[in-house]
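Residue numbering begins at 1 within each chain, and the chains themselves are lettered A, B and C in the order written.
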Amino acid sequence: MLNKILEASRGWGRRNAEMAALPFLLLGVVAVLSIATEIVSEGNIHFLSVENFGAMAAQIPELGLLSLAMMVTMLTAGINLSIISSANLVGVGMAVTFVTFGPGAAAAGMTIPLIVVTIVGGLLFSVLLGWFNGLLIAKLKITPVLATLGTMILYEGLTLAITKGYVISGMPEEFLNIAAGSFFGIPYALILFVVVAIVIAYVLQRRPFGRQLYMLGSNQTATSFSAVNIDRVIIKTYMLSGLLVGFAAIIMLSRFSSANARQGTSLLLVTVLIAVLGGTDPDGGFGKVLGLVMALLIMQAITSGLNLLSISSFLTLGLWGALLIGVIAYRSYRAKNPGKRAKSLAA
Amino acid sequence: MINSSPTVQLRLQRLFGQNEMVLLLVLLGMVTAITIVSPRFLGPENLFSILLSASYTGIFAIGFLLVLVSGGLDVSFTAVATVAQYVMGTVLIANPDIPPAVAVLLPLVVGVALGSLNALLIHYLNAPPIIITIANLNIFFGLLQFITGGEWLNGFPEWFDHFPQTYVISFQNADGVSYGLSIIVVIWIAVAVVAGLLMHYFKAGRKLYAMGGNLEAARRAGIDILRYRIFAYGFLGFCAGLGGLVHTFITQTVVPNTLVGHEFDVVAAVVLGGASIFGGSGTVVGTVLGVTLLAVLGNALTIMKVPTYWHEVFVGGIVILSIAITTLSAIAARNREKKYHAQ
Amino acid sequence: MSDFIAMRHVTKNYAGVQALKQIDFQLKRGEVHCLCGENGSGKSTLIKILSGVVKPDEGSEITIDGKVFPHLTAQQALEQGVRVIYQDLALFPNLTVKENIAFQSFSDKGSLLVRWRKVEKTARAAMDLIGLDLDLNRLTGSLPIAQQQLVEITRALIGEPKLLVLDEPTASLTRKEVNALFEVIARLKARGVTTMFVSHKLNEVFEIAERVTVLRDGEKIGEYTPAEIDHKKLVFLMTGRKYESAPPAPLDPAAETLLEVKNLTRNGEFSDLSFTVKKGEIVGITGLLGSGRTELALSIFGMTHPDSGTILLEGKPIKLRTNSEAKKLGIVYVPEDRLRQGVIQAQTILDNMSLTVLDNLLSKLGLLDKKRMKHDGETWVKDLQIKIPSLDSSVKTLSGGNQQKVVLSKWLATNPKLLILDEPTIGIDVLAKNGVHDLVKELATKGIGIILISDEIPEVLANCHRILVMQKGRFVHEVVPGPDAERDLFENFNLS
């Protein structure tokens, strides 16, 4: 039995070489942090505690959704630099709606319908922003870095123009419940993230669109010669990226109860880090949701653990970078010196 | 065989480049339009102030161009600049009496060192430059914040305060305030001129273009790739250090997050200046024009009393539009060429 | 003529695999020498040893101009005048022609500055050697591929070349350009430069070679003059097997018309093309690269849109906007550039095979049925006799012939009515070629109409019912394979 499990996991590791090291890394990180917190706090604070998991659970959903939004575009050998500015634009759009119509709706007892309409509108709007990215890339043939760099500035500019640089706050209580509320102790936002991640994983692995997206990421020309409408796949990818951004925007607005133009701009590069750490190939064609989720957990564990140890969040930032370089170095070493097992397979 | 002796028009285009011509025309058109709306714009005082405000972006952009031309990418330069600023600021405040020459050398050395580190990692790990430099951006910036605690630095020695007010050419305006061509602007122009000469008249410059055009061919032709990578990223590091220095001269304070987060402003200017994000093409003249264009745009919007929060909409719009036009015209040119050969 | 280069007892082992076994190989001064052999026969290893990129094993000996080397370094090879031009050009598309030609001067020691006037002079002088006249200031990437190749040859002429090694130089050239290239080789020969020529196109070997050396499985089979051997003999020497190609099964006279093309025109590409393909018929289209064959295929496949004329499929006029519409109607296309357009090399064999039929593989839930996908993949592997390590291996681990079969399987899975094959066997070994040909002929017997585009005359002659000759975008001739067909084609169209 044990042998069978070992054999199966070895097979998994071979097929998923790019993320095979991640489970061990995650275990290692958790172990080190658990021991470190016990020692440093002299047994007063526990890394493996409900409180800490609660703190982690609060932060995972938005970063996870944004990282997914980044990943799907990277799979097509693209990138989406506009995710944060899109999220802020959508967030501000929804916030303005709430602030404008909220009091009236509350008076008429129509708060819940307003929230539903606003959320649907916000999601549609974020898909539209993604569609515009896709259009620039697929139809105008602008390279993704430049197209989304342009829209990043443009969307941020629009947000600034709407807010005039101020913070918009005052969301309905019921809306704040999305981030604050929970179902049997599991935050709604986390449930949302898990559901979305599973759906995306299935779409990528088991829907024609997903397979086409991977193929296109490796070779656009050959994919196009295989009777795949690559323009449509690209546009759909960026729309999907936009949709994921929309979910993130809802959670962010609910969590902070306010929106502004420059919320979370430092997260942009972190999403790239998480995707790449999770095994997504920046050159396109490879990467899985499972790897991304593991990378996300590793990052979040480090953040929370160091936070418990009262270590500056900036040091965490540095550690993330170092971790990524370490993993890249490890992968590069493995590529140059394949282990005995890999060698005997190749021969 | 096709025997085409270049026409005069072609020669002109080569001298100045088609893209640079377009940029120059756009810039002139913009200046004319703004001047009609608001004559104050064209005054020397305003023009000098535009150049001054664009100086550190301009210096960053030149360095970024070199890396881009060589086929690389580096988004960590803002963090490098900030680290360089802090090293210099800390030393200068602790030892106000150290010779100015040593003080200004410090950020440059820090910049070159961190830039070279990028090159080494990219080379030996054989990983995409954007990923390595994103990681390094986090490392440099995170450690800096951790060590300094985000503390602001100010109170530099007197000479440090006086230097940026050195005018190479100086005037006085109606209110008796003196203005002129600041030495800072001269530094920026000097960097541009040096880089321009390097890229065209030095073998090293041509090799950078070669690497960006076809890395494998460059390797086969015996170019020492590591050396020239260190050269390109090191040069950007140098420019980051220098830009950080210039920024400190202008603001007289060192703050952790005024530069970090603005990497893409520089990228936008360089791309607007016609450099290819895939490497191998781009000119110093184009980059200078790209930086100037964005600076003029910002200044014009201010003068025309467009609220600042609208500025980014214009910048984003212009960047998208210009890239779209360049891309589409390149595709059109390729199609024309294809049709021509078919007939 | 004396031996300019003599390689003796050259042996090379790669991790236990013998790439070269005790090869003796001579080149005479000023001769044009062809090296023939299948993929994996050791050709490229031999070239790499000669250019100093690969070090041969102990006991090997290379004599150049009387100087004996146990092995060469890249630098020594260069100094001895050895110049190799690989198939993938090593040019800088973003630099001017003169910079590309005189690039080595950027590596000269001494001044840090570029001496632009000297660069120009050097480039001009090198171009004069072969009578080339290109605009020195043009960006190299904007030149047609044939001229880029000439730029690379010109670069090789800097600094007294004595041996020019051309690895598959004609793969992407039109016949006219091949002629120009051969002229350049003749000029170099007159200057005493030796040329070593590697080509898969055997007809070209007979056209230009003064001597032919054949390698097989790392061993030297022999050295011949073109007079001693013919096409069939050469194939036998290269493969070690006799191969008899059966002509396609005779066409059923009652076969219905599958495709009818009437006056099809696309400006600048082809004009006024009319022809038919019957069910089960193999129609060959030949003519030189650049004659408009591929462009015609792309229009029938819906990837480009004709300006005028009509296409009828089974009697019904069709207007295609995309190639997925073509796929739905049963028209499929195997592109000429296998590596860039045919396969997705980095991805798995199974993913490549199922890319065209993803919509047919959905379960009731709308998700891909992995089991059926795998089962179908295994069936194709068996039916087409594809040699693969496993369906999860990436396509790049396969040989050219097997990669092409993967491309074929992905299209056959769509149940096509019309199969367009564009240079289906380019760069594939002789035996694997025959495998593909047999497969094509078998498909025709099942009623699939086939258009076989090729500029290898023997290929169309042996495998088609009818052959259309295309020139400058028009059909100029039609032949039925027979005893006189080959001479007819050669004499009338300089096709060989």
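One rule holds for everything that comes next: a residue touches a chain if its C-beta (ideal position, glycine included) is under 8 Å from a C-beta of that chain, and two chains touch if they have at least 3 such contacts.
Everything numeric in this text was worked out from a predicted model, so none of it was measured.
**Student:** Two chains share more C-beta contact pairs than any other pair here; which two are they?
**Tutor:** After tallying contacts for each pair, the winner is A-B.
**Student:** With chain centres set to the mean of the C-alpha atoms, which chain is at the far end from chain A?
**Tutor:** C
**Student:** Just give me the whole-number Å value for how far the CA centre of chain A lies from that of chain B.
**Tutor:** 31
**Student:** Could you put a whole-Å number on the gap between the CA centroids of chain B and chain C?
**Tutor:** The answer is 45 Å.
**Student:** In the complex formed with chain B, which residues of chain A make contact?
**Tutor:** Going through chain A, the ones touching chain B are 81, 136, 140-143, 145-147, 149-158, 160-161, 163-165, 261, 265-266, 269-270, 272-273, 276, 282-283, 312, 314-322, 324-325, 328-329, 332, 335.
**Student:** Would you mind writing out the residues of chain A in touch with chain C in their complex?
**Tutor:** 15, 202, 205-208, 211-212, 214-215, 218-219, 221-229, 285-286
**Student:** Which part of chain B faces chain C closely enough to touch in the complex?
**Tutor:** My answer: residues 1-6, 14, 200-207, 209-210, 212-214, 216-218, 220-223, 280-281, 337, 339, 341-343.
**Student:** Mind listing the chain C positions that touch chain B in their complex?
**Tutor:** Those in contact with chain B are residues 88-95, 99, 103-104, 106-107, 111-114, 116, 132-135, 137-138, 141-142, 144, 147, 180, 268-269.
**Student:** Please give the residue numbers of chain C that touch chain A in the complex, ascending.
**Tutor:** Residues 303, 322-324, 326-327, 332-333, 335, 340-347, 351-352, 354-356, 358-359, 362, 366-368, 370, 392, 410.
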